[in-house]
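What follows is a structure written as structure tokens; I'll ask about it next.
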Amino acid sequence: MSRNRRILLSLRRNLLQAIPTMFVIVTLGFFLMQLAPGDVADYIAAETGAASEEGIHALRVQFGLNLPVLEQLFAYYDNLAHFSLGISPRYGAPVSDMIMARVPGTLLLMGVAIAVALLLGFAMGTTMALLSRRLPDRLLSLLSLVFYSVPTFWIGLMLIVLFSVHLGLFPSGGARTIGGPSEGWDWFVDRLRYITLPALTLGLNYVAIYARLTRAAVIEAQRHDYVRTAIAKGLTPARVIRRHVLRNALTPIAALTGAKVAGMLGGAIVVETVFSWPGMGRLAYEAILAREYPVLLGILLVSSALVIVANALFDILQSLLDPRVEVS
Amino acid sequence: MALAEMNTTLAENARGPGAGEFAPSRKRRRSVFFTVLRHSGALVGLMVLGAIIAMAATAPLIRPGDPLALAGTPLLWPGQDLAHPLGTDNMGRDVLAGIMHGARVSLLVGVAATALGVLGGVSVGAVAGYFGGRIDNLIVRFIEIFQTIPGFVLLVVLVAVIQPSIWTVIIGIALTSWDTIARLTRAEFRTLRQQDYVSAARSVGYGDAHIILREIIPNALPPLVVTATIMVASAILSESALAFLGLGDPNSVSWGAMIGTGREYIRTHWYLTAIPGGFIVATVFALNLIGDALNDALSPHLART
Amino acid sequence: MMHRLDPGMTSPLLQLRNLRVSYDAPLRNGVAVGGLDLEVERGETLALVGESGCGKSTTALSVLGLLPAHTEISGQILFDGGDLVGMAPERLRALRGRQIGMIFQEPMTSLNPVYTIGRQIAEVLHEHTDISAAAARRRVLELLEQVGIPDPAHRIDAYPHELSGGQRQRAMIAMAIALRPRLLIADEPTTALDSTTQMQILELIDGLRRELGMSVLLISHDLPLVRAWSDRVVVMHHGQKMETLKSRDLFEAGRHPYTRGLISASIRLSDERHYTTSRLAEVRAHRAANDEFRFELHTPPGRIAATASAPDLPGPDAAGPDASAALDVRDLTVRYPGADRPAVDGVSFTLARNQTLGLVGESGSGKSSLSRAIMRLIPGVTGEISLLGKDLAGAQGAGLRQARRHIQMVFQDPYASLNPRQTVGDILGNPLKLHGIAERGERVRQMLDRVGLPASSVDRYPHEFSGGQRQRIGIARALILQPDVLICDEPVSALDVSIQAQILNLLADIRAEFGLSMLFISHDLAVVQYVSDKVMVMQRGKIVDTGDHTTIWRSPRHPYTKALIAAVN
């Protein structure tokens, strides 16, 4: 099967699965919102101080909240079909605009975190596997287990104490210097300084995950007969490891990276909160404080959609890495 | 260069008739309990976890009363006043009392959420994996949906919407963690139900209940136990993250909430953040160590020799 | 190519002197090869034959330094005069793939699944020579042609999983001979393949040996195969050489009791042996106090009476189920969801009481699906099954449970068929408990004794036993309910030949003793010929040929039966 055909088939399958998945998530989200105490009208009333019964009722009619639940549900589907997530009562701005403005920030943070975690984790895992059961392996194993056990928000705060408060090396929050450089090398360095700590924090758990997975995959690969074949062919040890051990370990690593995107989006909430990083997570925290449920629901939907897209991409990557992956 | 590792075929050959006579080995299966104890990491893990449990158990004796009540001068550093060995926070609350009572919350949430999640996940996964067919398809799609929704985001929305309390936190964590163990259970059941010994049990005349309980579960248990241990650890992490975001039970003290409060004073009084975080790391690390040791002790590669 | 003036072109190409290998790994420890001496002459095929655990694979791996970590090796491995033991890694590496090629048992796992076969074959060219990419591709195409892969221009870009087992092994061979090595080591090269493919691969190896002037070190467990495809044979046991023989008179000239035992236990189709006329010799090795082995060859006494041939077996075309038969199957069809053709396609046959019906077929022919359908273990089955005159296909609930007492099964894999978490006592005792049978302890002990296991086995777990012992446990479990019909699904194909003989003798004895009717399924024609009274041949889900145990081989009707016979004779 040609490469392009595999990609197309994989995309098609993902798209076909995404539609019912999104539908269920949307419906689930709608009913979740029904559980919330009070509704939008109550909030606006509380915000504006217009607490009269008639005022609230007028608001309910305006938002369609006096309609039966099913009708509200269909109205909600209708809105979503037009990419509308409603209006934020507090800011008076469309929720979708608020979220979309924050998506790039989160994606950037996650992308850098994944890259850092992959690089460090793959290096750590390979070292551990090739020196397996010896001292460096045991020490690195322990270290990775510590990385895996640390709460992200806490390690973020500790990094701030050390690197921002005491050493002054990195800024403690934000995404760029206000009024700082806007282009060129200086801009890049400035952004890099701001993203270093949050990306490290978000990536730390994943360094551990990748390190342990790589170790297991490399050790497993060494048991395979094809590694013995490669040695019997007279390949140098370096080539055996690169072409036949590490290359084959890539497939499970890609699969895991895809599976962990959802978890990382959750991690972004706390990390962005700690570092005041302008992303979806930070917006979620603000929405929790303000009890802005439509915003929270919007973030849930958008992040689920992001996971679906990420899964589709990683599926393609996997089918390119391993010709045996079924894509029909 | 010995790049290749011993594979099981070569190892199993040692029992072949070509190697001479083979008497049933006198080596009995060592109990998992003892194998785990021989693992030094597990020993450390069990000791740390034991200490945390002891702290939680003795909290009402050593630090009686409400840990959220004012106890002394605010913002005392650890060691400054022996009455408050771990210091006090901005409201004058005793940090040690918070830590000890917070251990109760962490352990309760960790164990209860995992128990709920395992119960749900194992039942659903077992049904899907054992019976297969249409019900399996349906359950798999359902699990996939849960794996698409970022668990922690859903947890935040759930707890925020239903209002935080210790039980919403527990149920929320269970709801966002059952899918992992359901998937694992399904995979195990699917593999095991095709084993010849399951076919043999069915040929003898056993029904589904016996086959699930006596033939499949005992063999599926090792990976489930390991996963459950790790789930306790991540439930504790989730609870602390929720509390840090202000979504913990407002009426009980929690390590994550202590960090959330301490955060405001991080430039001047970093110990308020460092101490509860250290306890979270210790607890979670201990659980992960135990999980690792269980995994080693129960792994099939070692069970054969 | 490396040319070197060899002072004595007549000296052996490969010489092992006092080779000792011992393992010290978590999975296996102890001596695997204990002081082995042998020579491979130039241009000859030397076969190393023995049962699993004898050290033949370890010997093969040690030549190229492919032993796993935690292995001790001593003695000498002289290749063309140079000692490979302790040779500098760089020099050894230059020999691998270039002077010495190697192929393995499992072509599927021996090829890297993520690269095309063309790339994997070219890799060996690039490693040892400065060949250009285009030239390497031309050479690979040539090699694929040479090893008989059809349509090389297309297959060169195929991944291993896109090829058949035989083609994969051909690709492995192409890789091994790419640089015209002087020695080819073939470690059980055909064990994973169907019998029709086996012969083609061995023919190919033998042809290449002559064409390229190679020597071949052939590792195998299969005496008839080795006799046909090698010049000399070295018989091994517990890491030592028992004797060296000329291959062509292997079966006649073998003197060592162990060799005699293997010979007598190896059943060949052309010998036309049958359980009623010839018992299989069992060879047992006993370790004496001084660690030497003493071999004991013994043939079970007694002849087994020919089964009272059931009067006028009604053919499958007779109308209605036959109540006098043990098992009667009509129009049985098994359809798996998503499969394009049924796994079992309208099969009908009758198993008469006190008879053994053999079922032969290659992998994928549907014979296992058939056995599982009769045992009521799989869904998607249509057709009629009647057991002792009662309907089995439609039985449900308590009726089905009752019926199950009368029909039991022995499985192929002695490792997978016993629950690793139950003791032997539970495995045998629980079925009795389920069916409310009393005196359980006594019955379990008797049954263990009957299948040749010590009474102390009761509280042991399956992993404590060897493969042959586990198969005895499997047989005991099948017999404990005293069934009338026994289905044996490849019961000996995972076993070594001496164990196979013991199990076949045991099955023949208990069949007579318990008055069983047996459906015996195997891919091995000779084994089926030996144990069966009647034989059916299965291909692609259909029974294509049936006959008496002698006539079906002497005068096969269906072309497929003829092809099967041609492949082993």
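So that you can tell them apart, the chains are marked A, B and C in the order they are listed, and the count of residues begins at 1 in each.
The criterion applied here is as follows: a contact is a pair of C-beta atoms (placed from the backbone, for glycine too) under 8 Å apart; a residue touches a chain by one contact, two chains touch by 3 or more.
A quick note: this is a predicted structure, and the numbers were derived from the prediction, not measured.
Trainee: By mean C-alpha position, what chain is farthest away from chain C?
Mentor: The chain lying farthest from chain C is A.
Trainee: Could you quickly compare A-C and A-B and let me know which has more C-beta contacts?
Mentor: Per the contact counts, A-B leads.
Trainee: Using mean C-alpha positions as chain centres, tell me how far chain B is from chain C in Å, no decimals.
Mentor: 45
Trainee: Using Cα averages as centroids, what's the distance between chain A and chain C in whole Å?
Mentor: So the centre of chain A lies 51 Å away from the centre of chain C.
Trainee: So the centre of each chain is just the mean of its C-alpha atoms; given that, what is the distance between chain A and chain B in Å?
Mentor: Distance between chain centres: 22 Å.
Trainee: If you look at chain A, which of its residues touch at least two other chains?
Mentor: Residues 225, 228, 231 of chain A each touch two or more of the other chains.
Trainee: At least two other chains touched by the same residue of chain B: list those residues.
Mentor: 1, 4-7
Trainee: Spell out, as numbers or ranges, the residues of chain C touching 2 or more other chains.
Mentor: Only 66 qualify.
Trainee: Please give the residue numbers of chain B that touch chain C in the complex, ascending.
Mentor: My answer: residues 1-2, 4-8, 10-22, 24-25, 27-29, 195-197, 199-206, 210, 214-215, 218-219, 301-305.
Trainee: What residues on chain C touch chain A, complex-wise?
Mentor: Within the complex, chain C touches chain A at residues 61, 64, 66, 93-98, 101-102, 104, 106, 109-114, 123-124, 127-128, 159, 161, 172, 175.
Trainee: Spell out the residues on chain A that touch chain B in their complex, using ranges where they run on.
Mentor: Within the complex, chain A touches chain B at residues 17, 20-21, 24-25, 29, 32-33, 35-37, 142, 145-146, 148-155, 157-158, 160-161, 165, 219, 222-223, 225, 227-228, 231, 237, 240-241, 245, 259, 262-263, 265-267, 269-270, 273-274, 284-285, 288-289, 291, 293, 296-297, 299-300, 303-304, 307-308, 311.
Trainee: Which of the residues in chain A end up touching chain C in this complex?
Mentor: Those residues of chain A that touch chain C are 224-226, 228-236, 239, 243-244, 247-248, 251, 321-324.
Trainee: In their shared complex, at which residues does chain B touch chain A?
Mentor: 1, 3-7, 41, 141, 144-145, 147-158, 160-163, 233, 237, 240-241, 244-247, 256, 259, 263, 266-267, 270, 273-274, 277, 280-281, 284-285, 288-289, 292
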